[in-house]
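Just dropping this structure here.
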Amino acid sequence: MKALVLPASGAPGFAAEVSRLAGTDVQACYACGKCSAGCPVSASMDYQPHQIIRLVQLDQKDEVLSASAFWLCASCVTCSVRCPREVKLAQVMDALREISRRSGVAAGQPRIAAFYGSFLDLVRSGGRLHELGMTAMYKLRSRDLFGDIDLGVKLMLRGKLKLIPGRIKGRHHVAGIFRRVREHEAGEGGKR
Amino acid sequence: MSAVAIADLSRDLARLEESVRARASELLESQQVRMVIGHKRAWNGPLAVAHFAVSPKEARKFAAGPHCTGGLAKYLLEEREKDGVVAVIARGCDALGVRRLLIDRRVDAEKVLVLGVPCAGCLDPAKLAEALGVTPAELVEVTLAAGALRVRLAGQEQAAAGPPLDKVLPPTCMACEVRMPVEVAEMLGGDLAALTALAGRPPAIDLETAEAEVTRLEELSADDRYAYWAGHFQRCLRCFACRNACPACNCRVCALDSYDPKWLGHPTEIPEQFMFHFIRAVDVAGRCVACGECERACPVGLPLMQLNRKFSKDIRTLFGVDRPHLPGEHEPLGKFEPDDPEEFM
Amino acid sequence: MSVAKTKPEADGANAAAEWQPKIVAFCCNWCSYAGADLAGTSRLQYPPTVRIVRVPCSGRVNPRFLIRALQRGADGVLVAGCHPGDCHYSTGNYFARRRFLLARRFIEYLGLEPDRLWVKWISGSEGNKFADVVREMSAAVAKLGPNRKVREAR
Amino acid sequence: MRVYSYYPGCSLEGTAKEYDYSLRALAPLLGMQLVEIHDWSCCGSSAAHATSHRLALALAARNLNLAADMPGGARDILVPCAMCYNRLKVTSAELAADSGLRSAVESDLGDKWRGAAITAKALPEVLLGDIGVDAVAQAVVQPLEGLRVASYYGCLLVRPPEYTGFDDPESPKSMDELVRATGATPVDWPHKVECCGGGLSITNRELVAGLVADILGAARDAGADVIVTACPMCQANLDTRQGLAGKTRGTDFGLPVLYITQLLGLACGLSAASLSFQSHLVSVAPLLEKVRQLGRARQAAGGEGC
Amino acid sequence: MPRIGVFVCWCGSNIAATVDIGQVTEAAAEMPHVVCVEDNKYTCSEPGQASIRQAIAQHGLDRVVVAACSPRMHENTFRKTISAAGLNPYLLEIANIREQCSWVHADRVAATAKAIDLVRMAVAKVAQHSALTSSTSPVTRRAMVIGGGIAGIQAALDIADAGHEVVVVERSPTLGGHMAQLDKTFPTLDCSACILTPKMVEVVQHPKITLYAYSEVEKVDGYVGSFKVTVRRKARSVDESKCTGCGACWEKCPVKVKSEFDLGLGTRKAIYVPFPQAVPAKATIDREHCIYYLRGRCRICERFCEAKAIVFDQQDEIINVEVGAIVVATGFQQFDQAAYGEYGYGEYPDVITGLEFERLVNASGPTEGKIKRPSDGKVPETVVFIKCVGSRDEHKGVPYCSRTCCMYTAKHAILTREKIHGSKVFIFYMDVRTPGKGYEEFYRRASEEDGARYLRGRVSRVYPKGGKMVVLGEDTLLGRKVIVEADLVVLASGMIAQPDAQEMARKLGVSYDQHGFLTEAHPKLRPVETNTAGIFLAGACQGPKDIPDTVAQACAAASKAAALLNREALEAEAMIACVDEARCSGCLWCEPVCPYKAISAKTISERVGRRTLTRSVAEVNPSLCHGCGACTVACRDSALNLLGFTNQQILAEVEAVCP
């Protein structure tokens, strides 16, 4: 594994930015590993959750954003609830996804990123999530065309997939919310 | 305030006055108390004066109404060395004044009987005169009758209708939160629907509005603020009326009178005036009951409440103690929190 | 409103260049006075502006002393005590903190410059900090110039 | 009749429609009237909060505002979906605590924040806290005695406790109490709050199958006949991934996964059709058969007793 | 008029090189009331001191200013000097022209000007000095020790051996405390009972010690040298003077109750001694469970008691004890593990605490020393220990380290490996902290010789699966999840303050920290004293501690207490607050700011005209006042003043700054 060259390999202010966005102090972590021990998906992660926090503490922005671990986070919040230092890890993972998305770095888990993208596109246009539409869009984006086809058929037969997307009257308001948030984020990105 | 409410109010005040007289007579008659302190109509002006009844006959002179302005709690100090119980007809501010003296152990709880009266506010003669376009000296008689303030001016035979009461209240009354007195032995007046409803309403102006002048001064430049206060302090006569009226200024030997140590020097020097008002304001900080007596008593009209309010505002923002003078709150300068702010330390 | 005049030599144009502020420092015996002593034994240099009044505890300092010092010609007042939690008498500095938080805001409200009052926690081992505080405060007060506002013309 | 604003959420229009149907059928039996929030939109769950804090807050705030604008005044919102519930709770709390965030969200919304007086409540919270377990028990006409039920709470119903707060985050009891009210036996099992990986169900099938297998295995080991849940994502995941999970462990779990409303509906005498059992992937038929047998046995026993 | 002498010291060149001594003496001679000015090369030297004594005689000086080094250096020296010349030692003031002048300034002109200011301030202040004397108060030569654990036992024995009477108050029916529950002790693996029980016996046999077991302190009045303590002796329902501890009663008693001493792992009877070696070996009836108290009949114990010691209608007894010093040794309690839902303590019987493990391995415990798991009595093969449960966890527990867990867990590992052949031990830890003599070696022994596997990481979850307990942890050194299927899980519980520690602190008038531990007067230099004179701390009531530290602290507290009791009388501080009763309004605003509770109200009578009136004023107890002066600022009417630092003196100094 590559050596860390400190402080050169760090991005100054990264830890502070993550702490601010996540609303929790990553420097409080004393690396006990309780988060990783209880994480349902840590076995599939390239870095354990406490290692992600450690990298953040050391401002290792590039290495963190290239990791897939935070994309795999299932947002179950077990880590936050059990952390003896009250570090809100789930919010840190949210923050890392947000920073990753905004910075345009290729996601360590492109499928998950594609899934989120599809989800949000449908909410933006219709105001609500249309599950069938999302699945279709996700499959195109992720090129995961044949996974779950059998399952989809079963769901369809049980009437669980709504064929016609519902659209709400306030969808323009919702689209406006998307636009304003994105504008704000773009403005912040410019400042950084 | 609607006209109907005022009509009811004047009837309630009449009833209250009668109730005060009756209860005072009763207490004196039965010798349960030695003296009752309240207000009576003055012979030479619109505002009531303090009245010290020691017999049922004298109790018939007690008055109630917006002309009963001066604070009464402080008179208890004069009586503290005598035997027997003294009753005080107490508006909210008087009751808080008595509470102050009790907390400061300056009067003996067993020798005081606090008779609470609901209060609609006490008029500010300067405001009333201004509203009528006259000088305060021209006001001869003010009553609240038949639905409105009625004022008789010097040289007039008949009283004429004046402005509504709530337009001529001093700021302390407008911000008053104790128009129903707290910590009293009993309430007088019985069922006074209009007065009780009025007294039960939230204050006409909230804390922030009451502190608007403090905020304005805070926003001036340091030199302008200095000029403002030096200008006022220059007019100060050192008569100590502010101290004498204040229920929180109740020391046996006042620091302002002390020769050894000599805290205060010659009155003509502006720096000494700063020292005087610094000592007065610091010593009542956190203990002020917001009755406004200091300002009312000042013969040259110094804005002394702006000094007191500055402390209450800072105590609130720094230590989170909103109303140190009300029951249930801590005295902010007799305690501390380990995590008090350290803004310049 | 006029401002009380100070002594002529302090006002003179020549003296202005040489003028140095005079600071009265109330130092608690156990921490800050010891810190000032340590600055001495360590031979740390700081401006000769400060006159230390030894008190047992910062909780002993009456805010009235502050006004008296300014009246009698001090340009600044420093109150120095043990760090919160370290008071030799457990709690004296906590009371001092409340008193001087209010006092500083109040003198500011009266139109004085708040920077004429400093309150600092200096422990017995902080000789450096004592010297630093005197240096910084001397500079800050020098910037304000002589105290004229509540100073007596004598 | 207690009136609630009702926020179904997107899932209840699709994969979780049986949750919606069964809740609407059950509500009047338990003295609840549900008034759907007009023109509600996505709550900002998963994709939004996972990638944009402000977007998630603004989307949730829009719905809380709509709830505040409901004719009939500001009422508590009943939020059956655990994810939506969680988002609305977190949003209320964050906006209450941080005025800076509040004004940021107001600018994103292009609207004032009016939702401060609105409280989102989860289904078990409403049933236990407002309706009361006794009232639930009284509505039971077909007691499910003999049925062993594993209550599965998952993540977002009980975490983080500083926002959810109505139940213990490590050892919750609320759904178990409801199960007990139906006459069934709640089983004590260790995986009540283990994550099933629902959010990754579509993208990371194998990973999720392992988590689902652990949970189903623990429920089976505890002797459960059925799992109940109050989360559409959990239900969908435990139901649709059960086949794959079984394959990874070389077994067929055969554990139906019901919404708590379906179990309550069954006990309160609602028909299988109105509870949409047909839309489950893991067949509910054996379970319904067992319920029938238990009922018959009880009647027989009761008859002897008389 | 004061007659002041000023003595300016050169301190060799230390002062003289920077300060122009000549100018200083010239200026001093002009200062008010100064009648004599001298300078010396070294004022602190014998010739320097002699010149002061001489000048006092020659010039009739009544006050002295020495301008020299810091008063922290030589104030006491010069107080003795002027005292020898017949002056009151407090009529002295030091102008610090070395540390605070010559050593910190290079400019000779400025330094000289400053030195003159400093002398002027000292002269102004000393003119206001008055002679001070300190008051004395007698000492009651008896100590009380509150708490009968190892700390209290040690302190009591040491004070008694020093020749003073000691009263020990213990609230449970027996001495021993937590140490009596332990099996072996680290790092030597001594048997706890073997080293503790002889000391317990020694306490009751010591002629100077009175033991009140099953008793509690109700109230503490008075002050150092003269405390008045009210003790409640709770009714045992047994006459202690008659009970022989034969055991007939508890053998026959039909009621079984979970034993507190065995932490619920074993049982006792409703009439009982907590454990066989209990001291005093007197039975106690647990009225909450005794059938006679619940239903009005039974009395089997009474029937079988040959000594006729059972007294069913015994009442609590209140006794008053006067003592000169108090040692507080009230100990700790275990952190309540129920806060950790994820570990399932209380839910799963095979998740136990470290202290419960002690009872399981203890030969006199409920399993007679065989490690059997509570659920099914099986001997566990795989045992997992989890450290820092409650400790170092702000979220669910306390932020501090409990100091003992690393070592007792190592001990548990060694004992497990010794007692269960072939057993496997895994220890989840965050850090291993072993600062103590032989501690690191002991830990290495557990890890290397006894084969305990240490895994660095906190456990997230413990749950049952097929008769095992699944422990879900992380090896943070590998960055991999670890799953251990264990037979028994032992949680290393942190130590927290007694639930009623704050109440005890308030009774005693001592301070406590945010966690409820009693606070020492100074963390380094006065570790066993409290801010209340005459009250000392021993053991874990002051903070988590192991046995060696507890005993050391108890010895220290005992020596402090004994030194106090050795004195005939106590001399109080001379520079203390005093009340001008003529000014005092009696408002008592000074009372809450006094950290020593030295101020109280007193009623005085005075003649006013022809009447005698009584009023209340503040009174300072000179034995309690430490002279901080906080009260003087709370006193608006300046009735309170601090001798040696009076308002007048400080004002004089301030005014002297700018002449």
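Chains here go by letter, A, B, C, D and E, matching the order in which they are written, and residues are numbered from 1 within each.
The working rule: contacts are C-beta pairs under 8 Å (C-beta built on N, C-alpha and C of every residue); 3 or more make two chains touch, one makes a residue touch a chain.
In this text the structure is predicted, and so the values were computed from the model without any measurement.
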Q. Listed by label, which chains are in contact with chain A and with chain C?
A. E
Q) Based on Cα centres, what is the most central chain? A) E
Q. With chain centres defined as C-alpha means, what is the inter-centre distance between chain A and chain E in Å?
A. 52
Q. At what distance in angstrom does the C-alpha mean of chain D lie from that of chain C?
A. 65
Q | Whole-Å gap separating chain A and chain D, where each centre is the average of the chain's CA atoms | A | 24
Q | Two or more partner chains touched - positions in chain D | A | 169-170
Q: For chain C, jot down the residues that touch at least 2 other chains.
A: 63, 68, 91, 95, 99
**Q.** Where chain E touches two or more other chains, by residue
**A.** 342, 593, 634, 647, 651
Q | Interchain contacts, given as pairs of chains that touch | A | A-D, A-E, B-C, B-E, C-E, D-E
**Q.** chain E - residues contacting chain C, complex
**A.** 70-72, 96, 98-101, 103-107, 110-111, 113-114, 117-118, 121, 511, 531, 575, 593, 595-596, 626-630, 632-634, 642, 645, 647, 650-651, 653-655, 657-658
Q: Mind listing the chain C positions that touch chain E in their complex?
A: 20, 22, 24, 29, 33-34, 36-37, 39-41, 43-46, 48, 51-57, 59-63, 65, 68-69, 72-74, 88-92, 95, 99, 131
Q: Spell out the residues on chain C that touch chain B in their complex, using ranges where they run on.
A: 1, 3-4, 63-64, 67-68, 70-71, 84-85, 91, 94-95, 97-99, 101-114, 118-121, 149-153
Q. So in the complex, which bits of chain E are touching chain B?
A. 582-589, 592-593, 601, 608, 611, 613, 616, 634, 636-639, 646-648, 651
(Q) With touch defined as at the start, can you tell me which chain B residues reach chain E in the complex? (A) 81, 104-106, 250-255, 258, 260-263, 283, 333-335
